[in-house]
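Supplied in structure tokens, the structure appears directly below.
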Amino acid sequence: MKKAIVIFLLAVFGFFLAVTFLDPDFEAERNHNGVKNFYLDKTVSQLKTANTVTAIVVNFRGFDTLGEVTVLFLAATALGSILFKKRHHIGDRTVLMPASSIVSAGSKLIFPAIILLGAYVFIHGHLTPGGGFQGGTIIATGFLLMLIAYRDFSISHNVLSVIESFAGIGFVTFGLLGFMNGGTFLQNFMGTGVLNDLISGGVIPVIYILVGFKVAAELTGLIYTILHEKG
Amino acid sequence: MVGSPVLLIAIPLLAAFLIPLFGMVWKESVRIVPGLVLAYLTYLSASLYIEVINTDTIVEIIAGWRPPWGINLVFSPLTGFLTTIMTFMGFIVWLYSYRFKRNVEFEAAKKYFIFLMLLVAGSVGIVITGDIFNQFVFIEIVGISAYALTAFYTGRDSAEAAFKYLIMGSLSASALLIAIIIIYSQLGTLNMAEIAANIDNMNPYYRIIAMIFFIIGIGVEAEIFPLNGWAPDAYTEAPGPVGGAFSGIVAKAGIYAMVRMMFTLFDIAGPMKILIVIGLITLIVAETSALRQEKLKRMLAYSSIGQMGLVLVAFGMGTKAGVFAALFLMLNHAITKPMLFLSGSFLTFNTTEKYIKQITGMAKKMPVVSIIFVLGALAITGFPPFSGFWSKMAFLSAAADENLLFIMATILIISIFEVVYYFRVINRLFFFEYDDKISVEPHKPGFNGMIALFVLAFIVLMIGFYPSSVTGFIDLAADDLLNTHQYIDKVLQLGQTIIQ
Amino acid sequence: MNYLLFIIGFLLLVLIGTAVYAVRQRDLLYAVIATGVISLALTALFLVLQAPDVALTEAAIGVALTTIIFIITIRNTVRYEDEKDKK
Amino acid sequence: MDTTELIRIGVYGTSILLILIGLYAVLTKRSLIKIIIGLSIIDGGIHLLLIGIGYIKDGTAPIFSPGSENAVARMVDPVPQALVLTAIVIGFGVTAVALSLVIRLYRHHNTLKIDEIKNLKW
């Protein structure tokens, strides 16, 4: 009985999706004069940002990014709240597997390179693919590697929390600065420079670097919390 | 110019990032700062609302790009009305829970207040945003805060309730995303006004499918029938004041999103019938379930779902009178249901199961709280001269104008149901002797909690005796919702402030 | 132009195959690894479909972080969908 | 049928299949972790769908390199990419919260089977 209901539901769902997306008219009736060309055009001519996706994420739809950063912040906080234990003791770290000497030595070697790669990715977010989210997660994976390889590697929760808070405050403050200078929230109020220069695009790289710090701190904290949950 | 709508979002987010820093310096500040923020939001929202009523709708641009391209916030008589209610209720809930976990656990209290503040901020965001993807982001903010608040107590079955809520919430978020994909692919825009202006160019099949996915996506927050399985559990397991926040704030935001979508986005013939059908099913199922509940909070949760169904039916009539009645019902419910949750939470303070039989004879021990509870029960069932009476009258006259006799009869029968299950509680509360074996230990209510309850009770009485004090505002809000062209024009003709 | 078609077709087949495997596999650890493979295939597909930004994000979040938190959860709870499956 | 058409149908069809497979897992599986795996498969399908919407024939990535400032017409739509970026990060947050709930449920009930946890049946 239950199986039948599930299959019926799946069939209805699949039918709706297929009727929409696999219909030959779907492509033909599309309105191609949407916002796309405006974004591509303005990114080059006004924002002087090479990477259009970055321009959209940080400037055109920067409000979404603010919300998204908040979602990550909430997720990290919620994790701490849900896994909270009565007596405030931190359990042993979960050991995924005992790290051999090759792994630990190799991790030490790779770790700085990963951090450097992450920093490169978010500093060049407005020029090349990548940006704050990507760079931040790369840095977090670097810390994850160290946490797995060395049992006594630890990170201060307070330091992470301070970095996270300052990056978040910086984001909102830059938004409010635009509010005071140019008239609207998150407005690009700094000089935009020359396309494809490292220092170009006004506030876009600044905000994306702040996002990078925030994402890195949040994800590292999140992994740290969940790693210290021993059954 | 007193401020700008964007501050309604920016200030709580800024405060949320600041609170961990403040907490390191002065522990009490994690309680005070959210309260100050919510009080400021209430002030800002109320003053903006007055300005909007006297002058014109404010359309706020973000990042300097005018509406079809950038995200915009719309602060109109309708959204201002809802925002003011929500921020005010957020402040009341904060006031009630000010002493929450005091002197016990600092970390837990810090997180509780951050979640509460962002719950309010996210709900306000759902209401004032003018962009569908931005609305999705705010729905996720509300969702994650709500999951975390539901799972807040570790001792109870709260993780189950939160898990249920999370699965439903994220499935519906996926549906919402699919609807956004269909709309974006066909119209090439995400702006609500632009969508509303171009919706006629869209193939009707795609329009209907997108609308179905939208209903699934928003239905979880709006608590409509097949998607509200999470609600009774979440309301029961969450901390007492959070139940009030869910019914007073989150459900209102969900209903708004639903109604905005139906009235403005998908302006096709027939959607109103869908609203009536969904609303009636929700109403009947919820109210009949409420009759059978043994737990106080569960009963209140079902009652809350039922009221949401009633609101949807009223919106579904589609006429001016219907929308007026619906907004009036929303206002009354936003004030009365948190009052019931908060006073009920005081009555059952020292028990984790919250059975109705455990409050037997409590009226003699806690007379003031009991009287406030009764006031709320009378107001929500629609006894004159309390606030609920006027909204139910407005509803019935709106239905009578449209000759919807079946709906009128159903509402009257449902009202009898409501009277039955509320009087079951009142009967136990007042006319039974206090019994040590079944009743709980009375709890001495805190000073701040009592102030919150008194403020709410005052508002209920005020609306009850002077309904004309609010009907003017509701009238303007109803006009605003029905005038789709005005909404589109206001948003799209705002080409002056674009940066050159 | 045809080699592009082959790459995309191969990746799409990998996606569906791994998804079915992830749902049917009763050893949760393997199922989680299969989810990681789905993310990997998606990463390659995003790259082919000219979305390098998304590919980077999916590679870092989908392949690395999601998989690792799944594995930590399995370490802290149970490895098999059913106790009977334990060999 | 030309290449673009094939790619389009393949990508859309695969994402719809992924969504349905994930939904099947969420609705029928008895293990909590399996349910969350299903959710992340649904997410993957939706992200692929969104990227497929933006793809155009012979498109290039929406990044301007020196000397190619006039290549606008051939660029794929950047908006869905920005949306997917947001959606991936949000999805990760939700998955993390869900897994922490699973750990807590296991702490209480010592099982992850949905039938053995009271209040979780639906």
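When the chains are written out, they are named A, B, C and D in that same order, and each has its own residue count from 1.
In the analysis below, contacts are C-beta pairs under 8 Å (C-beta built on N, C-alpha and C of every residue); 3 or more make two chains touch, one makes a residue touch a chain.
Bear in mind the structure is a predicted one, so any value in this text is a computation, not a measurement.
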Co-neighbours of chain D and chain B - touch as defined: A
Distance from chain D to chain C - Cα centre to Cα centre, in angstrom: 11
Gap in Å, rounded to a whole number, between the CA centres of chain C and chain B: 38
Chain centre separation in whole Å, for chain D relative to chain A (CA means): 16
For chain A paired with chain C, centre-to-centre distance based on mean C-alpha positions, whole Å: 20
Where chain C touches two or more other chains at once, by residue number: 52-53, 57, 61, 65, 69, 73, 76-77
Residue list for chain B, restricted to those that touch at least two other chains: 133, 137, 140, 144, 147-148, 151, 154, 159, 162, 178, 184-185, 190
Interface hub residues of chain A, defined as touching at least two other chains: 17, 34-36, 39, 51, 53, 61, 64, 68, 71, 74-75, 78, 82, 129, 133, 222, 226, 229, 231
Chains grouped in pairs wherever the two touch, ordered by label: A-B, A-C, A-D, B-D, C-D
Chain B contact footprint on chain D (complex, rising order): 19, 23, 26, 32, 35, 39, 42-43, 46, 49-50, 53, 79-80, 83, 86-87, 90-91, 93-94, 97-98, 101-102, 104-105, 108, 117-120, 122
Contacting residues of chain A [partner chain C, same complex]: 51, 53-54, 94, 96, 121, 129-131, 133-134, 137-138, 140-141, 144, 219, 222-223, 226-227, 229-231
Interfacial residue positions of chain A with respect to chain D in the complex: 2-3, 6, 9-10, 13-14, 17-18, 21-22, 27, 34-37, 39-41, 43-44, 50-53, 56-57, 61, 64-65, 68, 71-72, 74-75, 78-79, 82-83, 128-129, 133, 195-196, 215, 222, 226, 229, 231
In the complex, chain C residues that touch chain D: 1-2, 4-5, 8-9, 12, 15-16, 19-20, 22-23, 28, 31-32, 35, 38-39, 42, 45-46, 49-54, 57-58, 61-62, 65-66, 69-70, 73-74, 76-78, 81-82
Complex contact set, residues of chain D against chain A: 8-9, 12-13, 15-16, 19-20, 23-24, 27-28, 49, 61-66, 69, 72, 75, 77-79, 81-82, 85-86, 89-90, 92-94, 96-97, 99-101, 103-104, 106-107
